[in-house]
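Both complexes below contain chain A, partnered by chain B and then by chain C.
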Partner chain A sequence: MAGAWTRRIVLGCLAAIIAAPPLAAQETLKIGAAISLSGNFSREGGLLRDGYELWRERLNAGGGLKAGGKTYKVQIVYYDDESKAQTSAQLTEKLVSDDGASFVFGPYSSGIATATAVISERYRALTLAPMATANSLYARGYKYIFTPSPLADQGLVPILELAKGLTPAPKTVAIVGPDDLFPNITSDGARKRAESLGFTVAYTGKYPKGANDLSAVATQIKSVTPDIILATGYVQDSILLIKSLRELQVSPKLIGLATAVGVQDFRTALGPAAEGVMGVDYWVPTLTWKDPLFDDSAGFAKAFEAKYAKPPTFHAASGAAAGVVLQLAIEKAGTVDPTAVRNTLLSMQGETFYGPFKFDANGVNTLAGLNVSQIIGGQPKVIFPVAVKQADPIYPRTGQ
Partner chain B sequence: MFAQTFVNGLLLGGVYGVATIGFSMVWGVMGIINLAHGAYIMMGAYFSYMLASRLGIDPFVSMPLVMAALFCVGFTVQHLLLNPVMRTSVLLTLAMTFGLELFLVDLFVALFTSDIRSVNTSYSSQALAVGPVLISYVRLAAALLSLTLAAFLYLVLTRTRLGQAILATALDREAARLMGIFPERIYNYTAGIGAALAGAAGSLASTLFPISPGLGNSFIGAVFVITVLGGIGSVTGAVAAGFVYALIQSFAASYLGVNYQEIVAFGLFLAILIVRPQGLFGKRFFGEV
Partner chain C sequence: MSGKRQLILATVLLIAALAAPAFVGNYWLRVLTTVFMFGVVAQGLNVIVGFAGYHAFGNSVFFGIGAYATGIGMTLGLPVWVAIPVAVAAAALIAAVLGWPFLRLRGHYFAIATVALNAAATEVIINIGGVTGGAQGLPLPFSSLPPTLLYRIIYFAMLATLVLATAIVFWLSRSRLGYALRALRDSESGAEVMGVDTVKAKILAWTISAAMTGSAGGLWAYWLTFIEVGTAFDISISVRGYIMMLLGGMGTVIGPVIGAALFQLVGDAIWSHFSGIHNLLLGALVMAVVLLVPQGVLDSLSRLRPPARRPRRAAEA
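Let's turn to the complex of A and B:
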C-alpha cells in the first residue's frame, strides 16, 4: 500500500508542477547584479545589496511589478565580483547573455562600473548604478546607464550653497584633499562652484594618499587664514587633517568634509574636536520625498530596520531608490522592453524617498541633491537643505 | 612660515628617530631586517589607546608599560621564531618577519576591526606660542621624550655590561662567544629592546596620528631611509638622521608641495646609497655582521 501512496503523491506533485505556471499567470522579471560581496568593497557592496533586496521583497509582497496589464514577479540574480572590475565585467556578461537579465543593478564604485558599463551597453541591458558617480562614467555617451545619485563633482557643493547664506558672510575658501581620482573630481567641482558663488579660493592643495603627517598642509592653510576649509578626503585622512589643524590652532569659521560626519569612527576618534564639523550625506532619514513603495525616508528606514535589525546607510537607500526608479519607469512605459523603458526614463520626471529625478541623455539625474549634516552636541544633525533640517547650523564654528 | 616649517620638522624628527633606533639596532647587531617593526609600532599605539580609553591613562604615562609589553613580544618572537631560523639562513628571516608583519596586522584587524581610533588628550590643541610660531605641547613632549629615550639607550649600550655584550656581538659574533657571551641570548635582548622602542614610538604616534592596523606601514618607509641615512646600527645616527629626514620632508612639503615630500626623501635615500653607503653617521663595521 505504501508503494501505491508514494506513487500517487509523486504523480500529484508532478501534476501540480505542470499545472502551476498557467494557474499563477505571473511572469518573472529578471534583474542581474554583479556586486562586491568579498574583497575591498565587501562592506559597501553588501549594504548596496541590502537596499536592492529590500526593494525586491517589498515590491513582490505587494503583488509585483505591473506593466501593460501583466504582473511580474521580480527576481534578482546576484554574483560576487570580489571587488574586481574585470570579474564584475565577466559576470555582467554572464548575467545578460546566459541568465537572461534584461536589466542590471550596478556594482559598488565607479571604477568597477566603468568596466561593467561597456558590457551592459553592448547588450542594451538597462543599468541603474546608484553607487557609481564619477563624472567620467557619464561622459562617454553611454545610453543604458543611469544613476539616481548626484555626481562626484557635486561632493562639496551643498556646503558652499549653505555657506552663501550665512552671516557673517564667509569670503575665502581653502580646498584640500588626497591626490586621488574621486577627491580630485570633488575638489575641481568645489573650486568652480566656489568661484561662481563669489568666494575667493585662497588655497587648493593635494597630499599623497596615505600621507602620515599633514602638519605641512596645516601650516600652509594657516598662512592664508581662510574662512572655510573644505576637505575631499576619506575618513582617516580627514581625522588626521582636523587633528593637525587643531595642533596649529587653525580655527576657520567652517570646516566641511566630503564624507559623512555621521560615521561612527569619525566622532569617536575626534571626540570634542569633531564638534561643529560639517559633512555631506547622500541620504538622511529625515527626507520627505515620497514614493508609492516606501512612502518616505522614515518609511524606508522603518522597513529596513524591520528586515535587517540595523539602521540603514545611504548605500542601502540608494540601492532601494534605484529599484523604485526602475519600477516607476517600467510601470509608466507599460512594457519590460529595456529600450522602451529607457526612452520613458528620459522623458519622465518623478520622485522616490531618496529624492526627485529627471535624467538627461547621459543618464545623469539633474535633480539630485546632497544633504549637509553638522556635529552638534556630539551628534550629527541635518542642517541643509532647509526643508529637511533638524537643527540650525552652528556658525561660526565654536569647537576647538 | 619658514620658522613654522622648521619647527614642524624638528618636532616630527624625534618621533622618527625613536621609530628607527630599534629597527636600526636589530639590523646592525643581528643582520636582520625586521619587516615586522612597523607592526610593533602599530601594537604600541593600540596598547596605548587601550590604556587611555579603558583606564584613562595618558599615553605619556603608560609608555613604560607599553615598552615592557613590547619587550616581551620582541624577546619571545626572537627566541621562538627567529633564532632557530637564523641558524639556517639569515636571509630566511626576511621572509619570516614579512609573514609576521602580515599576521600581526591581520590579527589586529580581527581584534579591533579596521575602524579608525585616536587618543584625545585635553591638551592636544594647546601650544606654546613663540612669536608667530606655534609649538604643539603634544609634539614637543613627543620630541623631548624621544631624545631622552635615545640618550638612555646610548648610555645602556656604552656603560652597561649588557650594552657592551651587545656591541661585542655586533662586532664579532665568534669572538664574543669565546669571551663567554651567548650570542643567541644577546639577540633576544636586542630584539626585545628594539621592539620596546617600537612600542615607545607607537605610544607617541597614538597621541599624534589616527590609529588603524595599517599605522606601521606609513612609518616603515621613513624608518628604512633614516636607518640608511644614519648608518645601520647607530643610535646617535638614527636620531640625527630622523631630524634630517623630517626637516627635509617638511621643507619639501611646504615649498615644493606635499606631493613632493616623499619623492625628495626617497631620492635622498638613493643618493646616500650611491655616495655614502655606510650612511652619514655610520661606522662601517656595524652593518657587516
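Let's turn to the complex of A and C:
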C-alpha cells in the first residue's frame, strides 16, 4: 500500500507541476477492473494490469482524457477476482453500483469475463475485454462488451492464409489438439477456413488435455501424410507433438501452432527440431500500426520497459490497446456517457499500436488479425502479414 | 446453545434478512445472497457430515449437477421455476442411486470417493458435449428484468431456500431419522444392533444433502447466467461450505448459517481493506478459528452462560 501512496503523491506533485496554471477544474473518469491477481490466472492478470496501468499513467501524464471541452484524469479501481467467476460478478457489481465506475476493463480468460459481462451488461457499463476471446462470449447478444483482439476461432487462420500463397502449393491439412475449450474453438475455425480456401482436411484429431503420450496421434497423422500439420495445443503439448512426429519421421512441409513460437522454452526443448515451425502472436514489437499515445509498437515496448524493466508481453499490449480504443472513442464521442461512447465505437474505425479496429454489433473487432512468426536460424521472425514481415517464410520447412 | 435460544437467534436473523433489501444497495444485496447460498451448501453438508458423520468433501458435485440441470432445463425451454425443482430432484435422485455403493465406504474412503465423484462428473459433462455445452460452458437465457428487481427476486429465492434448508435441519434434529443418524455417527455397528436401518438412514441423509446443495447450484446458475465445469464443480465450494459449517458449529441447527455469514462477511471486509494480502489474512483467520473455537462459535457462545447448563448441551450434541 505504501508504494501506491508514494506513487500517488509523486503523481500528484507531477500533475500539479505540469498543470501549473490550473485551467478548468479537472474531473475524474473512473474505470473499474476486477482482474485475477491471485489464483490460476494471477500471472496473466498481473500482466494485463501492467498494460492498463501504463495506458492510464501515460494518458494522465499527457494531461488526461479530453471530451466535450472537459478534461478527465483517469482513475482505475482494481480488485482481485481470485480467478473465480463468482467473485468477478460480485466485484463488478461493486465497481459499477458502489464505486461508480461507468467503464470496465475486463479480466483474463473468457470464463471469468462472462461473469463480468453479465453484470456490466445489466448496468450498461461499457466493457473492454482484450483477453477474453471465446467466440461464445460475443454470440450472446451483449451490447456493452468489446474486444480489440481476434477471437479464438481465428487462432490458426492466418497460417492457412499464408499457406495459400506458397509454392509448391500445399494440398492436405491435418488439425490436432487437446480436447479443451479454446483448442476446440480454434480447431473448428481452422477446419472451416481450410475448407473454404480449398485445402483438403485429411485428419482432425483430439487427445485428452494433459496427455503424456502422443505417439498414437502421430501414427494416425503419419498414415495420411499431410502437407500441413496444424496444432491447437499449448506450448507443452505442442513440444510433445513435434517430438513424437520426429520419432516417427513424419516431416510435413509446414507445421503451424496456435501458440507463440518465440517462447524460450519452446526453442530450448526442441533445439534444431524447432527450425521452420510457425506460430501465431497476438502482438509483436515490430508492428507498425500507429496511435496518438504510444506512436507504434516500438514506442509501446520502450515505454513498457522504462516503467517495468522487463519486456512487454501480448497480455500487456492488449490491455494498453484496450485503453487506447476507449480513449479514442471517448474523445470522438465528446462525452463519457457509456451508451453514447458505445454508439461511437460501433460507427468508428481506427488504429492503435496493437492493430486496426472496427467493431460489429456484437463487439467483435472485424479488423483484428494475428501475426505469424517462424523460427528461422534459431530466432522467431515475423513472416505474415506481409505489411509487417521481417523475413520471407522458409517453405517447405527444413527442420529435422 | 439451547434449541430455544437458537430459535430466537434464527428469528432475529430472518427478520433482519427480510428487511435488508430496503436498506442496502445491489452490491451488498449480492454479498448477502452469496451468504445465503453458502448457508444452503453448509446446511447440506451439515446433514451428511454433522448428523451422519460421513465426510462428503466432494459434495460440490451436487452443486454442479443442480447448476447444469437448471441450465440444460432452461436451454430446452423450461421456465426457471420449473427448471430448478427438476434440478433439485435430479441431484437427489443421483445421490440416492450413488448412495448404495458409496455409503458402504466408511471414514476416509467415503471422503475420497466423493472427491473422485466430483472429478468424474466434470469429465462426464465435458464429454457429453451437446446440451451441456461441453468444454465451452453453458450460457443460460438472459433475463430481461431490470437488475434491481431481478436481484431482489434472486435474493428472496435464495433466502427462502436457506430457510427451508434450516427448517429441514431443525426437523431432522428432533426426528426419528435424526436420532438414527446421530446414533450411526457415534457407532455404526452399535446403531445396527439397536435396530436402526443404517443403509436407509444414510442414503436418506445424503439425498437430503444433495437436494439442498443442488438447489443452491440451480439458483446460482440462474444468477450467474453462464456456467462451466470449472466453476460449477469447483471443489472449493464444498471446502468453503465445510469451513463455514465448522466455524458455526457442526450438527447444530443454525450453526452453519452463522458460519456462512461470519466467513463470507469477514472475508469481504478483509479483501476490501487489505487487497493483495487478503488470502493470507483469511487463511490466518481460519487457522485461528480451528485452534480457538474448534466446536464452532455457537458452542463458544453457550460457554459464556452459567456452567450448570453445560452437561445438557453435551448430551444434546
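What we mean here is this: the second predicted complex is superposed on the first by the 376 of 400 C-alpha atoms of A that agree within 3 Å, B and C clash if a C-alpha of one lies under 4 Å from a C-alpha of the other, contacts with A are read in each partner's own complex, and residues count from 1 in each chain.
Following the convention adopted for this analysis, contacts are C-beta pairs under 8 Å (C-beta built on N, C-alpha and C of every residue); 3 or more make two chains touch, one makes a residue touch a chain.
Just so it is clear, the structure is predicted and the values come from calculations on it, not from any experiment.
Partners chain B and chain C, brought together by superposition on chain A, fit side by side with no clash. Using the contact criterion defined above for the overlaid structures, shared-chain residue A:197 touches neither chain B nor chain C, since it reaches no partner. When both complexes are overlaid on chain A, the residue A:123 reaches chain C alone and has no touch with chain B.
Applying the stated contact rule after C-alpha superposition, one finds that A:169 touches neither chain B nor chain C. Contacts of A:207 after superposition: chain B is touched, whereas chain C is not reached. In the overlay built on the shared chain, the residue A:269 is in contact with chain B alone; chain C does not reach it. Within the superposed three-chain model, A:82 lies in touch with chain C and out of touch with chain B [touch as defined at top]. In the superposition on chain A, A:179 makes contact with both chain B and chain C. Taking every C-alpha of chain B against every C-alpha of chain C after the fit on chain A, the minimum distance is 9 Å. In the superposition on chain A, the residues of chain A contacting both chain B and chain C are 179. Within the complex formed with chain A, the chain C residues making contact are 25-27, 30-31, 34, 126, 134-137, 139, 142, 146-147, 150, 220, 224-226, 228, 230-231, 234, 271, 275-276, 278-279. Here chain A touches chain B in the complex through residues 179, 205-208, 210-217, 219-220, 222-223, 235-236, 239-240, 243, 246-249, 264-266, 268-273, 400, going by the rule given at the top.
Within the complex, the chain A residues that touch chain C are 1, 37-38, 78-80, 82, 84-86, 89-90, 93-94, 97-98, 111, 114-115, 118, 121-123, 134, 136, 140-141, 179-181, 184-185.
Per the touch definition, chain B reaches chain A in the complex via residues 1, 4-5, 8, 11-12, 115-118, 120, 124-125, 127, 134, 136, 138-139, 208-210, 212, 217-219, 222, 249-250, 253-254, 257-259, 261-262.
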